[in-house]
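Listed after this line are the structures, all set down as structure tokens.
There are two complexes below, and they share subunit A, which is joined by subunit B in the first and by subunit C in the second.
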Partner chain A sequence: MSYEITLLTTMAISVLFALSLNFITGFCGQISLGHAAFLGAGAYTSAMLSKAGVPFLMTIPAAALCAAVLGAITGLASLRVRHDFLAITTMGVGFLFVGIIRQQDFFGGEIGIAGIPGSGFGKVRFMLICVALAFTFAAFSLYVRRSWMGFVFKSIADNEDVTRVLGIDVSRYKLIAFIIGTGTAGVAGALYAHHFRFIGPDSFGFVESISVLAMVIVGGIGSVWGVIFAAALLSVLPMLVQFIDDYKLLFYSALLFSMMRFSPDGIAGLCTRLSSSISRRTTESDGNKR
Partner chain B sequence: MTEILHVSGVTVRFGGVCAVENVDLRINDGELIGFIGPNGAGKTTLMRVITGIVQPQDGKVFLEGVDITNKATHQRIRAGLALAQQIVQPLRAMSLLDNVALACGGEKTHHALKSMWITDISSEHNRARALLTRVGLSHVVKELPGTLPLGYLKRLEVARALALNPKLLLLDEPLAGLSQKEAASLADLISTLNADGQTILLIEHNLREVMRICPTLYVQDNGKSLAFGKAEAVMSDPNVRNAYLGVSHA
Partner chain C sequence: MLYLELFIQGFVQGSIYALIALGLTLVYGLLRILHVAHAALFTLGGYIGVIVTNATGSFTLAMVVAMLVVGFAGMLMYKLAYEPLLSKPPYVSLIASIALFIAAEEIFRIAFGPYGLSYQTPPLQGQIELFSDFYLKYAEILVMGLSVVLLSALAWLSMRTRTGVAWRATVTDPDMARAFGVKIQNVRYLNFFIGSSFAAAAGVLVALLNNLVEPTMGSVPSYKALAIIVLGGLGSIRGTLIAALLLGILESFGTIYIGHLLGRDAIAFAFLILVLMVRPQGLMGGKL
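Up next, the complex of A and B:
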């Protein structure tokens, strides 16, 4: 039972982390190749506060705030760049974060931070907190997509220049997407730190950024349900299949390549196409019977 | 008549090339001005200066007497400009109705954080439907732009620009790429909009339609103002005929 609880907790944290990237990349169309840095910012903030005696629940908003501030700075620096240049800028932020953490003894350097206190809630209740936070953010994402903010995000993802010509302050909307997305990654980081109770620079490197991007792309960029499914599946696959764990980067890269080649809109797009194909065939067969 | 736009002494250089040189232009409320000139005359550059996409090295742009030279594009749009672009750029993931509804929702998208708490779009959909009907697209409101021909998308650009309730509508070659029949029909629409009180600056190469619908012409050549005035008078100006039509005057 303990193993299943660990699996579910890992799943929930991954779902929250993937949804946070989906908010930036999926909703607002801003590619990020350094998203693990914000998971790391939240994890380090929460771990260090916990070790200083701050209760777990109070470290969550602090982790969100720290990651959101870092996200706002990245967002401000990224306002004038887009597409490939934005990808390189965010990748640079990811490398910069790991580089700084590695060099600072204050953050545990190469060794990282071990002995992070438990959440104090027990494994089951901690799992329930993780699941509740993941579903709360999923519900929030679904709501935002229906709101005028989501409408503008969709427009920015489609064409920034046209959105600007419609009198919309594109920079402000992009910045808000960055702040909400990175702040949520920070919350996921706080959960991550208290779940594994050990964090190091390698936990938040480029491989993690690519892994979470793979979850978003495989699920379907912008699709909340698709991303939940892909994040839940891809987060536990390495734990269930040793081969995938050994060749994680190779596996995720092959998956990304296959998705971009055969179904660029991910599992969500695949399901939509399948469902419309089935309904078309049903209509045709009904027509033939008549 | 109230002055809507005043472009004053605008100069734009790209490296060593002077695309627009010391240009002055005034547009009054209710006017329909045809902005013509040969390729490379600096028409689109001046349009970009007006909308804030290009910053001039010299000169100022005033909208209703207010200096907007240093304002960002979205601020100029909110101040009363609207642009229908030469190369159609619909939001391809949205239906025509949503394309126009987004432009109608200026009040709701003005404050980014407040926009998160608003989900009602029914009034914008109603207004968008009326605007699409006005430009002759009532039968395709639910269609995605990718499935429609160029003539429809040009009309969508106009509907989206009208949705912004502009004081000045800037139309950048709306007739380009259209058949003679489609161009005449869209020109009629532009003329009707002006008759209803809409102030319009129309950049266009289709002289036949420009002469038909525009009472006033502004001509630019090699980045410089060449002529401004009544259409017939401007077109009979030897300098204009020489520069624009390549007809030399003896």
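Up next, the complex of A and C:
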């Protein structure tokens, strides 16, 4: 039973993390190749506060705040660049984060931070907290997508210039997306630190940023349900199948590449196309009967 | 004297960056693809260089074989991976390229083992004394010399030959070039061949400098080369070369003076972000 609980906890944290990237990349169309930096910011904040004796639940808002401040700075910087330039800038932020953490003894340097105190809730209740947070953010995502802000995000993702012509303050909405997305990544980081009880600079590097982007893209950029499904699946697949664990990166990259090659809009796009082709076929056969 | 030493070390490193980043710029200029998997070709070049040198004992032969094989590998990569994605939005080819790169690293690891290969008797290890107490390896001189030769050859090709004219025309306006009878497909193949073979040369040279090739030797250059072409203003060859040399020199000074704050590999990105805040179009880029 304990194994299943660990599995579910990992799943929930991954879902939360992937949804936080989906908010920025999926909703608002701002591609980010350095999202793991914000997971890291949250994790380090929470871990260090915890070690200083602050109770676990109190470290969550602190982690969110720290990641969001970092996200706001990144967001402000990102306002000046677009598309390919933005992708590389966010990648740079990721490398910069790891580069700074690695050199500072204050953050544990290369070794990282070990012996992070437990959450103090027991495994089952900790899992429930993770799942509850993931669900809350999923519900919030679904709500935002149907709100006025969601329409603005979609419009920015589709065509930024037209949105600006319509008199909408594009920069403000981009910043909001960045702050919410990175803040949530910070929350996921706090959970991550208390789940694994150990963090190091390598846990938040480029590979991690790409894995979470893979979850969003395999799920289908912008689709909440697709991303939840893909994050849940991809996070535990390596644990379930030992063969995949040995060749984890090869498997991930092959999956990512074939997804880009054959269905760039992910599982969600695949489902939409399947269901529309099925319904077209049924209406056609209905028509034939008549 | 320390300054001059740092400057020359930076210049050697910058030449390597220039050779790698040039291929990326060529691909970006022609196809608007951020070709991350380029660094996999760089690693492949390193492996071929070491294997052929160890098998035949001839470093020159190894260099030629690596450049030819990797050049064709680059063409193949374009044909199989990028051509089907050209009509998709830009992030698609970027992600596909990253996936391709990670897959290639894993394949190198599985095929050649995780610990890397070395030259049995590394060539060109002799040194000359440039001035008092400052030695330069023959290998380092070769790096600078070969970079100059290759880049000059490219400049000659693109400015003085019909192929070069067709090439530049295609970069400026593909449709118009096609209307004038340029075979776009051939230009793209040539582009990938040249870019990839330059990366292979860089791979062989880095393998020589470190006397080691390992599966992950491409990961740092791949992202750094991206930073370089963005710095240079995406697609500008002149900008790329300047940015590459500048970064090489900056890194060699930075490691000494701010190394305790920021690792060597993070300096490139700190510099990149700073420059982009002031000039979002890069050092040499035109208007966005």
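Methods note: the second predicted complex is superposed on the first by the 289 of 290 C-alpha atoms of A that agree within 3 Å, B and C clash if a C-alpha of one lies under 4 Å from a C-alpha of the other, contacts with A are read in each partner's own complex, and residues count from 1 in each chain.
Everything below uses one rule, namely that contacts are C-beta pairs under 8 Å (C-beta built on N, C-alpha and C of every residue); 3 or more make two chains touch, one makes a residue touch a chain.
Bear in mind that the values here come from a model prediction, so they are computed numbers and not experimental data.
Trainee: Will subunit C clash with subunit B on subunit A after the two structures are superposed, or do they fit?
Mentor: fit
Trainee: If you tally the residues of subunit A touched by each partner, is the higher count for subunit B or for subunit C?
Mentor: C
Trainee: Would you sort A:Y3 into first (subunit B), second (subunit C), both or neither based on which partner it touches?
Mentor: neither
Trainee: Counting only touches as set out at the top, which of subunit B and subunit C does A:M149 meet: first, second, both, neither?
Mentor: First partner only.
Trainee: Is A:Q103 in contact with subunit B, with subunit C, with both, or with neither (first, second, both, neither)?
Mentor: The answer is second: A:Q103 touches subunit C but not subunit B.
Trainee: Between subunit B (first) and subunit C (second), which, if any, makes contact with A:I88: first, second, both or neither?
Mentor: A:I88 sits against subunit C, while subunit B stays out of touch.
Trainee: Rounded to the nearest 10 degrees, how wide is the angle at the Cα centre of subunit A between the Cα centres of subunit B and subunit C?
Mentor: 80
Trainee: Determine the nearest approach in Å between the Cα atoms of subunit B and those of subunit C after overlaying the two structures.
Mentor: In this superposition, no C-alpha atom of subunit B lies closer than 10 Å to one of subunit C.
Trainee: Show me the subunit A residues, by the header's touch rule, that subunit B contacts in one structure and subunit C contacts in the other.
Mentor: none
Trainee: In the complex formed with subunit A, which residues of subunit B make contact?
Mentor: 51, 72-74, 77-78, 83, 85, 89-94, 98, 102-103, 105-106, 108-109, 112-113, 115-119, 121, 160, 164
Trainee: Can you list the residues on subunit A that touch subunit B in the complex?
Mentor: 143-144, 146-149, 151-152, 154-155, 157-159, 161-170, 172-173, 176
Trainee: Can you list the subunit A residues touching subunit C in their complex?
Mentor: 31, 77, 80-85, 87-89, 91-93, 95-96, 98-100, 102-103, 206-207, 210, 213-214, 217, 247, 249-250, 252-254, 256-257, 260-261, 264
Trainee: Given the complex with subunit A, which residues does subunit C contribute to the contact?
Mentor: Going through subunit C, the ones touching subunit A are 28, 32, 34, 81, 84-85, 88-96, 98-103, 105-107, 110, 219, 223, 226-227, 230, 234, 259-263, 265-270, 272-273, 276-277, 280, 282, 288.
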